[in-house]
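Okay, so chain A shows up in both of these, paired with chain B first and chain C after.
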Partner chain A sequence: MVSGPLPWLLPAVGVLGLFYLYPILEAVRLAFTDARLFDTETQLSMRSLGSMVGSSTLGVILRNTLTYTVASVVGQIALGLAIALLVVRAERARLRGTLVLRTIVLAAWVIPAIANGIIWQLLFSEAPFGAINSALRLMGASPVAWLSDPSNAMTSAVIATIWQGTAYSMILLYAALKTIDPALYEAAAIDNARPWERLWFITLPHLRAALVVNAILILIMTLNMFDTILALTGGGPGRATEILSLYAYGTVFQNFELGRGAALSMLLLIISLGLTMVLIALLPRDRR
Partner chain B sequence: MGQVELQSIHKSFGPTAVLDDINLTIADKEFVVVVGPSGCGKSTLLRVVAGLEEASSGALLFDGRAVNALSPGERNVAMVFQNYALYPHLSVATNIGFGLRRAAMSRREKRAAIERIARLLEIEPLLKRRPNALSGGQRQRVAMGRAIIRNPAVFLFDEPLSNLDARLRMQMRSEIRGLHSKLPTTTIYVTHDQIEAMTMADRVVVMNAGRIEQIGTPSQIYDTPRTTFVARFMGMPSMNMIAARYDGDALVLPDTRVPVPADWPERLAPWVGRELLLGLRPEHLSLRTSPGGVPATVDLTEPTGSETLVYLHHGDTRLAARTPPDTRLRRGDQVHLDLRLDRATLFDPDTTLALPTLPADPITKGETA
Partner chain C sequence: MVRSRAERMADWAVYAAMLVLALAFLLPVLWLASLSVRTQAEVFMGAARFIPEAPTLDNFARVLRDGGFQSYIWNTVKLASLGAAGAVALAAPAAYALSRMAFRGKGALMLGILSVQMVSGLVVLIPLYRFMDRLGLLESHFGTTLLYIAAGIPVTIWLLKVSFDAVPRSLDDAAAIDGLSRVESFALITLPLALPGLISAFILNLILNWSQFLIPFIMLSADDKWPISVAIFRFAGSTSAATTQLLAAACLLAILPALAIFVLLQRYILAALTAGAVKE
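And now, the complex of A and B:
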């Protein structure tokens, strides 16, 4: 007779172990080798780790990653919250079209990231068909070198990422907003609370858990994001938009340095875990 | 200071009329209870006064000044919600003091005001807690504290006791009433509980289907209901309604004739030969020891300790009688009832309105507005 929880957990443990845990352990092992993508012969070595830490590029990459991640995460949460508040407000006023609005915002999210990169490349394009520059020209403004100027490229990449990711935080925060008791806002109205007071005393405290969870998920997605940037700028011009995930990808699939790529992936994992733990500490006590 | 006047207020949500021609004047410092079954529009009425809903038409006056266009915050009203609506992330003290955010008071004055209110409501030890660490009754007090501290012109209560257990409800009833005598302020109190209406109100407003059925003191409402709805809604068990034909000197029931008091024939002259509804409270039916009166069959007895309710039927008419606690009857027993016709209310079965001239009630005579 089988008893206890173990037999019931075994299938899930098996799947998770095979498809999640094993690759991670394999990557850890590879990080301690000098493996190259097409060489079958590898040996244990600290060279991959050493060259990663000693590389002068890593500093640039990490700075790019920081800029890109912070700007994207903050932007997605802020914009998602703004749209969610707008939708809830519109629903309360019984306006039509909130479903359409939500659907449109969600449509951005179901587009594959690589397609998103291509769409924004077309929009940002400095060729005559580039939509944004055409519009600027129509309004009499001078066109902007969105992608070719290294000082603009990061902004463009962040815009493209926020545009796609906003839907996710919008839906999450919208759901959380719907759980707030409307009587609280009525009580606040009777207490003559201004809109910012309602946001500060009722909405934001209620959303705290949702905001933190949202931040964790977006953070992980953004840190691991590379297809949008790959399609949009390929990390360029130069290394202007090259972030850690893209750098690791390039290291493995362009330079064939499997060991070093695995080491970079480990670094990415450690950063993700570290930041996630910081965010979890911000969760309200009863939700941890 | 706090006179509230509703002048032909209408409110509809889409095609559904929720409030239909509401006219009501509430005097300064008066405690008015609005009572009615769920969906009768009583909460909407309160929300219109608060400014949380806008009246579709009609005028709302505070001290003669139209306030229709003012936001809830500008009306100087305070409201206690059914689920209390305390701000869950703020302490009890901050919740109570929330309405003082922009008051021209020093921090110390505000704290003193909060402590004074907390003392009044006996919640001083709770000031540092969060609402989710409080019991229902404590939350209720905090919600009242938040309302009281602003010293509003009008207090609005929206079924404030319905989430409390019976014992606490009874206690809070008298506390709210006591508070009103300590701090006399115009109060509109909405409830579906007729006991709250009877025990707390200076005047009761009975509503049904978006309309006011009757306005009066609790005793007027109880003793001289204006419609069969009021008669049935107020009182537990509700008023007995006995269909009877008036033949000139007696009411004809299926199995018996009940002679009417000497002063009735004059008043009931137009009703000779017609059907009437005889309304009698259960306490005005009594069991006879000797034959005579109205024969009836016992269906059920409910001893409550202090009294025994007896449910019976006479023909197709179901009756309830309030009897002494030692009444011992069983289902199927045949009994005889005395009807106290001097306390009866007669209704026109077609209009459901009480007949205007009956009865001449010694208690409410001359008191009706």
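And now, the complex of A and C:
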């Protein structure tokens, strides 16, 4: 009979080993070779790592990744928290429509990221059918080069990302807000606490664990984002919105530089793990 | 309860903010819908024809009649549902072991499974491309489904462990006294009682798989194997301004099934989304 845990764990752990652990080890090995995608002959070489670190492009890519990730993560958490607070406030006053608002916001999260990129491209488009620019023209304002101007393109990518991702923060923070003891707010009301004092001294400290967990999850999703930017800007104009994941993809599947692409993907993994560690250190002690 | 004047003013402000937010989240999809029912002439009139004067369903008819589109949808249904079923089937016994059995290295294993979620699909797909090619699994739905399953397993184990934890252990003990083996007690007692959790996990996988782009984008190069996500991206790249209304219709059709599943089964999805991240 089946007794130990091994037979229970083996199918799932086996699949993860084959499709996650093995490829990661293989990527580490490839990073130390000069492998190309369609050549089987590879030689141990530091050329991939050397050309990755030495290229001036990497600096641009890392700066883009930093800008995109920080702006998107902060935006998603701030907007998600604002909507969660608004919904809780509306529920307390027994206002109608909270469920409708929550459903609409969550629906954006269900839209595939690749479709999200296409939708925002139609919205930002500078052609006559671009929603935002044609609305601006109707109001007599001058149109904006949302996607073709390198200095605007990143803002546009961040807006599209926040629009889709906010639901996730909203729902996690909403669930966390519901666990705060209402007696704390009643006590605050007796002490005549101002709204911002309630937010700063009661709500935010109680949300600390939820905010950190939320930040970790969104950070990982944003760092690894590929679909939305690919469909919206393709990384352009030039390299204006090219982040590390797009750069690694292009290196392997368009330039066929497998060794260098593997090194770039390792860099992505190391950044993800490093930032996760930093955030875990911010968790309250009992939740670590 | 009598509400003060200040409170009623605040209520109106809350209403106004809710309305603005609802519009901000609704308008992009409404714009897509608006483009999808326009004629080519009205597409070029931009925001002035947000509500078209001559709405038409021609664009949908043209997209739906297209044999390619039907095959994309079928491919998506196949990959998404097989991937979701496979992830739940493989994750369930593992989640049961993590929920019910004590063994050495359990903490490390759980941490390991959690950290797999931190790994971008791209990181593993770069080396996997050649590996799958050598196994003859590149360009095949079978190989692609395996990767969907692998991608779904970590979060599914996590969700199912939470719902198995909620089934009282005393039922296992009672089953053991009645002479049921572990496997019987898992299949006959724990699984049926954890059914809502299993459904949540399956549906979350289904929605994530419907959106899955990177795996099929890298694994499948033949048009007739593509799921809808890859197809609309390729279509968007090949369309000109003159076919924007068709792109909008195809894009809307691609997101509608996911939206429908979501609206119908919102309860399960919310349970799945919050189960892993918010304990207590």
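Operating definition for what follows: the second predicted complex is superposed on the first by the 274 of 288 C-alpha atoms of A that agree within 3 Å, B and C clash if a C-alpha of one lies under 4 Å from a C-alpha of the other, contacts with A are read in each partner's own complex, and residues count from 1 in each chain.
Definition applied: contacts are C-beta pairs under 8 Å (C-beta built on N, C-alpha and C of every residue); 3 or more make two chains touch, one makes a residue touch a chain.
Keep in mind that this is a model prediction, so the values were computed, not measured.
Visitor: If you stack the two complexes on chain A, which partner ends up touching A:183: first (chain B), second (chain C), both, or neither?
Guide: After superposition on chain A, A:183 lies in contact with chain B alone.
Visitor: So, A:101: does it touch chain B (first), chain C (second), both, or neither?
Guide: Touch partner of A:101: chain C, not chain B.
Visitor: Which chain, chain B or chain C, ends up touching more residues of chain A in the combined arrangement?
Guide: More residues of chain A are touched by C.
Visitor: Between chain B (first) and chain C (second), which, if any, makes contact with A:210: first, second, both or neither?
Guide: Touch partner of A:210: chain C, not chain B.
Visitor: Would you sort A:202 into first (chain B), second (chain C), both or neither based on which partner it touches?
Guide: After superposition on chain A, A:202 lies in contact with chain B alone.
Visitor: State whether A:271 touches chain B only (first), chain C only (second), both chains, or neither.
Guide: neither
Visitor: Once the structures are superposed on A, label A:223 by its partner contacts, choosing first (chain B), second (chain C), both or neither.
Guide: In the superposed model, A:223 contacts chain C only, not chain B.
Visitor: For A:192, select first, second, both or neither according to whether it touches chain B, chain C, the two together, or no partner.
Guide: First partner only, chain B.
Visitor: Help me check something: in the complex, which residues belonging to chain C touch chain A?
Guide: So the residues of chain C in touch with chain A come to 3, 7, 10-11, 14-15, 17-18, 21-22, 24-29, 31-32, 35, 43-48, 90-91, 93-94, 96-98, 101, 103, 109, 113, 115-131, 146-147, 149-150, 153-154, 157, 181-183, 207, 210-211, 213-214, 218, 229-230, 232-233, 236, 241, 244, 247-248, 251, 254-255, 258-259, 261-263, 266, 269-270, 273-274, 277-278, 280.
Visitor: What does chain B use to touch chain A in their complex?
Guide: 50-52, 71-74, 77-79, 81-83, 85, 87-90, 98-99, 101-102, 146, 150
Visitor: Note which residues of chain A are touching chain C in the complex, please.
Guide: Its residues touching chain C are 1-5, 7-9, 11-13, 15-16, 18-20, 22-24, 26-27, 30, 37, 83, 86, 89-90, 93, 95, 97-98, 100-101, 103-108, 110-115, 118-123, 127-131, 133-135, 137-138, 163, 168, 171-172, 175-176, 179, 210, 213-214, 217, 220, 223-224, 226-227, 230-231, 245, 248-249, 252-253, 258, 261-262, 265-266, 268-269, 272-273, 276.
Visitor: Over in the complex, which chain A residues touch chain B? Could you list them?
Guide: Those in contact with chain B are residues 181, 183-184, 186-193, 197, 201-202, 205-206.
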